[in-house]
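As C-alpha cells, here come the structures.
Okay, so subunit A shows up in both of these, paired with subunit B first and subunit C after.
Our next item is the complex of A and B:
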C-alpha cells in the first residue's frame, strides 16, 4: 500500500470517528449550557454550567428522572436475565442436540425479532388494564422478552456452535465427574458468549420506547426513554432542552463505556448471529 | 415393534415410506430433551407475539372505545373499511414507505463505505473505528432523536447558523414546520443511528468473499471499481440482502424519532405512530387494533417480497446446517 493510499484510509477513519461522535459531542455541549445560554445558536456553550445536571439529579426534575433510571435498570436487567436463562437452554439444544424443530425455533425467533412492536402494544394496553399489569414492572418485563429473547437465542446458538464440546468428554476421560467437566470446562468456554449476548440484549431493551411510553403512566414503572419524552422545563416558560440533554448524557455514558470495553465481543456477537449462523 | 413418536406441534411428519428403520431410543430421547430445553423459550416467544396479534385481530372486529365501554359492538370489518378509506392511513403509509426507502438506500451505500474502510484500515486504528461505529448503535434512539432535533431547532440549534450560506437556509428556517424538511431531519437521525448496524453485517459479508478471487481479478488487470462491482458485490449478495431485509423491516416500524421530533405534525405521521395515537391517546381500541393488524400485514408482505422476489435465502442465516 502506498503512502498516499495509507493516508487516504486514515483520513476515512477519522471521518468515521467524527461521524459517530458528533451528535454525542453536541448533546454533551448542550447539557453544559446554562438556560440563558441554550439559545446562543452556537455549538459550544459560552460558559460551562452544571445547572442542568443539578436539575435532573437533585433539583426539580429529579423526581421524574431518578425513578425512571431505577425502573429502566431494574426492568431491563430482569428482562435480560430471564431471556438469557431461557435462551441458554434453547441454544444448547440447538447447538448440540439433533431434533426436529430446530429450524422452527430459529425461524420463530427471527419472526419475533422483526415483529412490529406497536402491534403487540395495542392489545396489551387493553389486557394489562384489565388484569392490573398496566404501569407495573412485570407489565414491561413480559413484553420486553419479545425484544430480548429472539436475539439471545440467535447469538447464543451461534456462540455455542463454536464451543469444542469434545473437551467435556476429554475431561471425563481424564477422571473428572460430569459436574466437574461441566463446571470447569464448559462454563468457562460458554461464559463469554453468554455475557456478550446479555450485553446485546440489554442494549435492545434499554433502547425501547414504544412499550415504555404506552404501558406506563407514572413513576412506578416508567423507563428512562419514556421519561425523556415527557420531560418539561422547570417552569412553563422554560424549555426542557437542558434537562433532556443532561439526562441523555447520563444514560448514554454507561452504554458507551460498555461498548468501549467489550467492542470486539459485541461485533462478533452481532455478526455471528446474523450472517454466519 | 416400531412405535411412531408423535412429532411436536408444527413439525412436518417424515414421509411414511422413507424410514424403514424405526427411530432409535437414543434419537427419541434426544428429541425429547431438545424440546424440553428449547420448549420454554419457544413457548414464551409465541406467548408474547402470537397471542397479542390474535387478540388485536379479535379486538379489531369491534367498535370499541375505552371511554365508552357500554357501546361495544361487533361490527365485522368496518374498522378496516374506516381505516382504509381514510386519507390519514394512506398519508402515514406513504411517509413510512418514504422513510424506509430513503434511509435504507442511503444506509446501504454509506454502510458499505464504512465496511470497506474498516477492512482496509490499518490494524492499529481498526479498534478505534470499530468502537466509534458501535456508539451510534448503542445510543438510545430517543436520545439520538433529541440530539438531532435540538441541532435543527429554531431556538437551540446551530445548524441554521452554520449552514446559513446555503441558499434556502437562514436564521429563521423552521425545519419542523414543513413535511419535507421535517422528514429530512428524521431520515438524517435514523441514518446516523442505524448505519453502523448495516455496516457490521456488510463487514461480515465482506470477510466471506474469497481473497483468491480478488487476487485473480487483480492479476487479470481489473480496476478497483471493476473488482468491487464484478467480484466483491456479487459474492456478498446474500449478506447484502439479509442486511436490507432486516433494516427495511426495522425502518418500517419507525416510531421513536417521529414521536420526539415532530409528534406527527405536518403530515409526518408514520403507521406505527398512527396505531399508537388511535389506541393510547384516543383510546379507540377497535380502530387502533385494525391499524396494528394492517401494519403487521405490511411487514409480512415486505418479508414475502424479499424472500420470494429477491430470493433471499434465509436458510443460510437460520443456521441450520
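Our next item is the complex of A and C:
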C-alpha cells in the first residue's frame, strides 16, 4: 500500500468515526450545559455545569429516573440470564442431536424474531391487564425473552456447531455422562459464544422502548427508555433537554463498560489447540 | 485389560450401506491388533463400535467376557486416542491427563501420583502447566496418549493417531507407541491406513476391504502368504507387481518371458488358462549381479526400462508391459481400490543400488520364481497360498511377542506399573 493510499484510508476512517461519534459528543455536551446555556448556538457549553446530573440523580427528576434505572438493570439482567440459559440447551440440542422438528424450531425462532413488536403490544397490553402482569417485572421479562431468545439460539447454535464433536466423544470415552460432557467440556468451550450472546441479548432488552412504555404505568416496573420520555422541565415552558441528555449519558455507560469488560472474551480463540490446525 | 471378541458385527447406515459387514475378530488379552485398509473400508467404524460411539446394527461385541453392545462408552472402560487428539483446550496438560480420574472422583493425591507417573512415561513434565494450544503436534499427541494410559482401561484404541504428524515425528511416535504397548502389556486396537505402521506395530493385522474382513494374520504372513489379490496389493511398498500369465503346463507365459513353476505351484494353477502372477519388487534383480549359483533358481528376461529411481540404499526400475484388456481393467480397478491410481500397467522392480541399468535401454533382469504367487484373475484368490507356512509365521510372531513380554516383565518387575498393581503380565493368556 502506498503512502498516499494509506493516508486516504486514515482520513476516511477518521471521517467515519467523527460521523458516528458526533451525536454522542453532542449529547455529552448538552448534558453539561446549564438550562440557560442550552440554546447558546455553539457546540461547547460556555461553562461546564453538573446541574442536569444533579437533577436526575438527586433533584426533582430523581424519583422518576432512579427507580427506572433499577428496574432496567433488574429486568434486563434477569431476561438476559434466562435467555442465555435456555438458549444454551436449545442450541446444543439443535447443533448436536437429530430429532424431528429441528428445522421447525429454528424457523419458528426466526419468525418470532422478525415479527414487528408494535403489532403484538396492544393484545399483550390487554392480556397482561387481565392476568395481572401489567406493570410488573415478569410482565416485561417475558416479552423481552421473546425478543432475545431467537437471536440467542441462532448465535449459540452456530458456536456449538464449531466445537469439534470429538471433544465430546473423548469426554464420553473418558467416563463422562452426556451431562458431564456438556458441562465440563462443551460449556467452557462455548464460553465466548455465551458471552457474545449475552451482550447481544442485553442490548436488545436494554434498548427496548415500545414494551417499556406500553406495559408499565408506574415506578414499579418502568424501564429507563420509557422514563426518559416522561421527563418534564422545571416549568411547563421549559423543555427537559438537559435532563434527558444527562440520563442518556448515564444509560450509555453500563453498555460501554459491558463491552470493554467482555471484549476479550468475545474474541473467540479458545478452541485453538483442540485439534491440529 | 481384557480380550475383545467380535462376533458377526454388522453396521448398516440408514441408507442401507453396510459400512462393516459380518466381521468376526478375536483380539487376545494384551495383543496389539491393527485394523488396516484403504479409506472407506470401515476400519474406523469398527473401532468406534468397539468404543461405543457408533451403534452396532447386529452381532455381538464382547469385551472381557461381557457383552457391551448396549453399554454407553463410559461404561466400557476403554481409552481412545483420536485422530485429531481431541484435547480439552480450556484445561492445562495436567488437567487434560487428569480428566478421566477427576470424572471417576479420585482423590487429589491419587490423581497427582497417576498423572506424574503417566508424564514420566511420556516425558511431559515440563509441559504440565501449559495449555494444548501452546504445544507442538508431537507434544499434543503425547498428551492424548497420557490421557489414555492414566487410568486402568481394559484396552487402548487408536484412531489413526499419527496421520497429523510429519514423517519424521511419525517414525518417532511409532516406536514410542510400540514401546509403551509392550511395557504396559495392554490390549490395543490401532486403526491406520499407513501400512508401515501396520507392519511395524502389530502382532496381528486385520485387512479390511469395503467392510469385509480379508485376512487376519501376522505382518509376515500377510506379506509372504497373502490370501488374495487385494491383500497382496495392499501390503508392501512399492506394491506387488501383477503380471498376466498364460498357463502352459508347468510354465507361465508372461510379458517378461516364460517362467517355470515348481510342481506344487504347477498343480495349484492346473486347469486355469490365465492367472495373475504376483511378484514383489525385491524378487527381481539385475541379472548381471546375480550369482551363478542362484541364477538357475529363477528365470531371466530382457526388457526396456522406462524410469529408474536411485535412492542411495536401493534402486527401483519401472518396466511397462502390455496386458490383455480384461486383465488391465481389473488391475486398474484394484489400484483404484487401493487408493493408488496407477495409470499404466508397469512392473516396479527393485534392483541393487550399484546396478548400472539405466533408463531408456534394454536390460536383463532375473526373477526369483520360488517366491511368486499366482492369483485367479476372476475371484482374486491366491491359488498358490501355503496356509501352513503362513500359520507358522503367525505362530512364530506370537511366540516372539510372548518372549518379549516376559522379558519386559522381568526387567521392570511390574510390567504394568502405570496401571497400578494387581494386573498380571499379559503373555500367559495369549492366543495366536
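Here is the rule we use: the second predicted complex is superposed on the first by the 243 of 277 C-alpha atoms of A that agree within 3 Å, B and C clash if a C-alpha of one lies under 4 Å from a C-alpha of the other, contacts with A are read in each partner's own complex, and residues count from 1 in each chain.
Going forward, contacts are C-beta pairs under 8 Å (C-beta built on N, C-alpha and C of every residue); 3 or more make two chains touch, one makes a residue touch a chain.
These numbers come from a predicted model, not from an experiment.
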Quiz item: Looking at the overlay, what does A:177 touch: subunit B (first), subunit C (second), both, or neither?
Solution: second
Quiz item: Does subunit B (first) or subunit C (second) touch A:41, or do both, or does neither?
Solution: first
Quiz prompt | Partner chain(s) touched by A:107 [first = subunit B, second = subunit C, both, neither] | solution = first
Quiz prompt | Partner chain in contact with A:169 - subunit B first, subunit C second, else both or neither | solution = second
Quiz prompt | Most subunit A residues touched (candidates subunit B, subunit C) | solution = B
Quiz item: In the superposed arrangement, which partner chain does A:120 touch: subunit B (first), subunit C (second), both, or neither?
Solution: first
Exercise. Return the residues of subunit A at which the contacts from subunit B and from subunit C coincide.
Key: 270-271, 274-276
Practice problem: In the complex, go through subunit A and note every residue touching subunit B. | Solution: 6, 9-10, 12-13, 16-17, 19-21, 23-24, 26-27, 30, 38-39, 41-43, 86-87, 89-90, 92-94, 97-112, 114-127, 129, 142-143, 145-146, 149-150, 153-154, 157-158, 161, 203, 206-207, 209-210, 213-214, 224-225, 228-229, 239, 241, 244-245, 248, 251-252, 255-256, 258-260, 263-264, 266-267, 270-271, 274-277
Quiz item: Which residues of subunit A touch subunit C in their complex?
Solution: 164, 166-167, 169-177, 180, 184-185, 188-189, 191, 270-276
Self-check item: Contact footprint of subunit A on subunit B as seen in their complex
Solution: 7-8, 10-12, 27, 30-31, 33-35, 37-38, 40-42, 44-46, 48-49, 52-53, 55-56, 59, 66, 113-114, 117, 120-122, 125, 127-144, 146-148, 150-151, 153, 155-158, 160-162, 171, 192, 196-197, 200-201, 203-205, 208, 239, 242, 246, 249-250, 252-253, 255-256, 259-260, 272, 275-276, 279-280, 285, 288-289, 291-293, 295-296, 299, 303, 314-320
Self-check item: subunit C residues within the subunit A interface of the complex
Solution: 51-53, 72-74, 77-80, 82-90, 99-100, 103-104, 131-135, 137, 140, 147, 151, 164
